[in-house]
Amino acid sequence: MAILDIHQVSLSFGGLKALQNVNLKIEKGTTHALIGPNGAGKSTLLNVLTGMLKPDDGSVMFDGKPLLNVNSFDINQLGIAKVFQTPAVFPEMTVLQNVTIPVFAARDGSFNLNMFEGRAKQRPLIEFAEQQICELGLEKHMYSLAGSLSRGDKRRLEMAICLANKPRLLLLDEPTAGMARHETEKTIELLNSMQDGITKVIVEHDMNVVFSLAEKISVLAQGQIIAEGTPDEIKGHPKVIEAYLGEAQV
Amino acid sequence: MLNQDNFWQHNKAVLLFALVALTMPLWFPIMGGYSGLDTKIMIFCIFVVGFDILLGFTGYLSFGHAAFFGISAYVTGIMLKSFSDNIIPAILVAVLAATVVAVIIGLLTLKRTGIYFSILTLAFAEMFDSMAMSMLQKWTGGENGLTGMPTPMLFNLKMQGDTVFYFVTFMAIFLFYMAKRIERSPVGLMMKAIKCNQTRLEFTGINARKYKLLAFVISAVYAAIAGALMVVYEPFVGHEFLGWHQSGEVVIMSVIGGVGTLVGPMLGAGFMLYFENVLSVDLGEQWLLVLGAIFMAVVVFMPGGFMEGIARLKKRYFTTVDGE
Amino acid sequence: MTDVKSEDTNKKTGWSRRDVLKATSAGAAAGATPMFFTQNAWAEEAIGNYPVKGSEVVLGFNVPQTGAYADEGADELRAYKLAVKHLNNGGGMLDTLKPSKLTGNGILGKKVTYVTGDTQTNADASRTSARRMIERDKVIMVTGGSSSGIAIAQQYLCNELGIIFMCGLTHSNDTTGKDKQRYGFRHFFNAHMTGKALSPVLSKEYGKDRRAFHLTADYSWGHTQQESMQEFTEKEGWSTAGNIMTPLKTTDFSQYLSQVLNSDADVLILNHYGANMVNSLTNAVNFGMRDMQKNGKNLEIVVPLYSRLMAKGAGSANIDGVLGTSGWNWALQDEGSQVFVKTFTDEYGFPPSQAAHTCYVQTLLYANACEMAGTFYPPEVIKALEDFKFTGAGNGETLYRGSDHQCIKDILVMQGKSPSARTSEFDYLKIVDEVDAATVDYDPAIFGGELGPYIPA
Amino acid sequence: MDMTLNAFTLSILTGLQLGSIYVLIALGLTLIFGTLGVVNFAHGALYLIAIYLAVSINNALGFGLALIIVPPVLFIIGVLLERGLIQRFYDRPHTDQILVTFGLAIVLQEFLKWVFGANNIPFTIPAWGNGIIFMHEYLPFLEGFVVYPKWRMILVVVAIVTVSAVFALLHLTRFGLVIRAGMRDAEMLQFLGVNINRRFMVVFGLGAMIAGIAGVFGGPVTQVSPEVGMQLLVPSFLIVVIGGMGSLGGAVLAGILIGMAQSFTAPYIYINTIIIYLITVIILLVRPRGLLGAKGVFE
């Protein structure tokens, strides 16, 4: 069944139609890639899913619950996490603190007045965060400041933050953008090795990444879904070629 | 790291502060201080520790915290004058009043960030100052200040001299301890995360706005307690309590001491008040010029304030011991 | 003399040594009230920093050293230092003040020393500074201040702590009116006396059929000054066209002056002091108000309270012919003024201001009161000051009124000199009239307030 | 309101004139603030230097020389300050910038007080600018007698000329283009390899120079005393922010708006004292980035 159901979503900025009647169903447990030329509306769509933008029209349902007019943090609490194009971490905090935050968020919800909670009570949660960090291979940076990590490690850390509160849907906005070859490979490996059951929506330019990760691909162009299918189906799709070539000519 | 969960480690700073503060009447006079100034320093320690919860943790620079300090002081004064000379109801009502104002101002101003937030808080505080000076003169005494309160009483205890010093100092120690508790609680972590990356925090399922408001209100409560204690210490309220110079002074105390360290701003408060009231006398008419130059020197040479200076000294004298 | 109330010592659970002492002394005082008339009866009892230990007695001079009144503060400090010199070595008004028990050998045989502080023209800062003097430097008396809010703030503090406060320059009715304190004394005159002294001169100079517009600094002094001026000019037959309160922080008064231009007033009264007055007067001159005719008469500007520094700040071209009042001026020819001007000028090279004069006289009066009382014990010193009548201090026969601690003395009506009439760089104002004490006297009851007990609570 | 046409005209003129001073001071501040990202609490002190220089030269050597000397000297002071001090603070938090510039402001203010005394120094207006203008001779719709000080009208003209000159510089020159781009996004320019460093120095000098011009013409209006700098600091910051960070047009608009508001509320003390703050609060609550502020600048 579809965990995410985007229905007839439209959004325009002034005169520019960024999204036009977008319909998209993401199946539970799959890795679904969103591709398309620049300005096709991929990031806009992700922003709609995370509550950053409000569409003019249409509906988005996540696991049977509406996502529109819901705050970003509530969306996250529902089980949707987002990996940003530039790794978004808490640079002046230690790696452990970075990961502790989502662990608290999972336990306490979006706001909790536990102002005086001592370390003793926090210990199991901190231990869980440490475990997460180890799982992503960042244990030797446990007490380093996140801002001092390499880009690849920051990406890993961001992933750890996203996974720590056990999301059901992970949105990835060009997770390998600006990465060196070996870092990209590591990231693919990381994504592939992730625990089963997490649905992933990935926006990506790098076709190697897309084809090595995605089970299903949707193609966006000029705010519309122009094609959808398995990687093999998309590879030779005439509309897709047209859309990309069209861009190249501009 | 987790083995640090023992009492001593956690409360080292608090215990040290308690020791320094409680013995102040013994050592402060040696360096030219006097009773009265020590009380005032303790009151401002409360103010700046609270302020650091906002500025140091969340990174929001308020230029209007004098509003909460001043409103609370006025309410305390009016309560002492017209209700009862017992300080307990006066402080409670004053802090409550300031808290209500803080919630309203916080809700309005925290929608803005950066300099816009600072200027909004400044505008609110200046508005209160102007109102106290003009519209509300009948109640605030305007330029002359609010005077004519009875000697504040803690039930049967006269709040004068050493009594008021120890009362204020115990409050300061308690409130510093509370601030430390907040710092290592999940709430403290969230507040610090706001300063680092608010967007990431929101996408990690945290309602940043509520935590910001919480930080704002907590810092306002600290400011309000300090304001109320000012009146307990000296039954007088000057309109200066509300002015931007007062807000600015707290910002300077924090920065000069070291933002975000809780202890640093207290050092800053102690230094500023000591300089202004003791060293200034020896420097004569040009004391303010020297103070201005010190501000500049500290920011230029010690970007993290006194706390960085201390850290550097520690590094120089202690790393050789356990280094390598 | 039964102001001293008995206190229930049982109720006291305070920790401080001073509290306990105070309580016992208060109890003792209650039992032995009649003995108050005997000098030195209270030698053992501590109030404030009494008893004075050692061979020196310390006075606290708290003046503005930073902020807008810093120059005035500097002049006050010069006067204080001169007063200390004269108290220790003789000279100055010690020779003219009558009656006087001053010997030129300190106060009560103790050498006079002093500490200084900066009020910053900030009530809170002035109190903190005064506190330092009292608690650390053990001063027996605090004096100074260059504005009413500051004076009142310090007066309350000193009253609480049992230290006599001799006000410096403060002109608000409140200082010795609703905010008067047993431990506070003012030698300077006040807004009410200004109104009384100035209004007859105004009606004589400008006629009885005048319409006045007031611009008033929006604080206590401004309000009392405006009320007094309105009251007394209306008694002279003038009418009041309007009054606008101007915020204390105003630097540019054009928006208020526009309102004046737009009214039918032919006199502008500027109830401003310090920088406010300099700015509003200069602005008014810029608006051509000195050369303007209204209702067929020349538009006139009045500045109720004048000081030389303000006159200098506004510039003599702007104050030429403008009337106002002063407490004292160095051009006065009486013996006391002459000797003060001479010693001051010898010391510093230029003549003193009225702020310097009042501060100097206050210091001497305090010292003299101690000598007369034969003790530093504040209640006795206060009693010596109360209803003390003296001459030879520059304002004719003067009464330190016991009921409100206000000096009743002659007041000067001054007029700005034109640039060409000036004889030196300190010569800005000429004396138009010396209004005698009897004319400006008033019933202290009109302002209310309570002096409170001789022994602080 | 029963306001006569005369009264209305006077209030408009006064509003314009009050606004002009604000605009002249805020203009330099918003340039520095908007372009360099430095919260410059010392801007009031720059104005203070300007008025003291101006009054000294004016009263000794005449106004013409003050006009020729003061702005360039302020430019040099600005450049020296930027090189010696401010440039170390571009990447530091706002709190540090505030502390260092506030410290600088205190040092400058106290130094000037030391040299010139705390008392006001009268600024003699040159003969050609002294006196009043009979507005009713120029504006026929006025009834009877309406006058306004000539100097204040000159001040309005100076403000208009200065604002126009700055606008021309920013919109018609390549230098201006870079600066404007920098005001929107300084990082982008660094990225494009534009040598911003030297331009920043010039901008700071320029901001100081505008304070110099403001000082020469504003001195006789704001008066010359050490407190003036701090007194103007808060209003000029409010104006810059109300106008919107990094927007010169916004600063001009806000300056005039505040001037008008103060002028028209003059008879009503309760509103008059808080009007500037009230406007700030309302504008910032309704328009998050001020009147004409750009997104992402100083947020």
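Note that the chains take the letters A, B, C and D in the order they are written out, and that residue 1 is the start of every chain.
Going forward, a contact is a pair of C-beta atoms (placed from the backbone, for glycine too) under 8 Å apart; a residue touches a chain by one contact, two chains touch by 3 or more.
For clarity, every value in this text was computed on a predicted model and none was experimentally measured.
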Given chain C and chain D, the chains that contact each of them: B
Chain whose mean Cα position lies farthest from chain A: C
Rounded Å distance, chain A centre to chain D centre (Cα mean): 48
Chain A-chain B separation of Cα centroids, rounded to whole Å: 42
For chain B paired with chain C, centre-to-centre distance based on mean C-alpha positions, whole Å: 36
Centroid spacing, where centroids are CA-atom means, of chain B and chain D in whole angstrom: 33
Per-residue overlap in chain C, given as positions that touch at least 2 other chains: 66, 70, 74, 218, 245, 247
Residues of chain A touching at least two other chains: none
Chain B: positions in contact with at least two other chains: 130, 133-134, 285, 288
Interchain pairs in contact, sorted by label: A-B, B-C, B-D, C-D
Chain C residues touching chain B - in the complex, by the definition given at the top: 11-16, 18-19, 65-66, 70, 74, 115-118, 122-125, 127-129, 131-132, 135-136, 148-149, 152-153, 156-157, 160, 172, 174, 179, 218-221, 245, 247-248, 457
Sites on chain B touched by chain D in the complex: 55, 61, 108, 111-116, 118-120, 122-124, 126-127, 130-131, 133-135, 244, 248, 251-252, 254-256, 259, 285-286, 288-289, 291-296, 298-300, 303
Chain C - residues contacting chain D, complex: 66-71, 74, 218, 244-247, 249, 251-252, 254-256, 258-259, 261-262, 275, 278-279, 282-283, 286-288, 292, 309-310, 312-315, 317-318
Residue ranges of chain D touching chain B (in the complex, touch as defined): 39, 85, 88-89, 92-96, 98-100, 102-107, 109-111, 114, 234, 237-238, 241, 245, 269-270, 273-274, 276-278, 280-281, 284-285, 288-290, 298-299
Footprint of chain C on chain D - complex, ascending: 4, 6-7, 10-11, 13-15, 17-18, 21, 110, 113, 117-122, 124-125, 131-132, 146-149, 151-152, 220-223, 225-228, 231-232, 262-263, 266-267, 269, 272-273
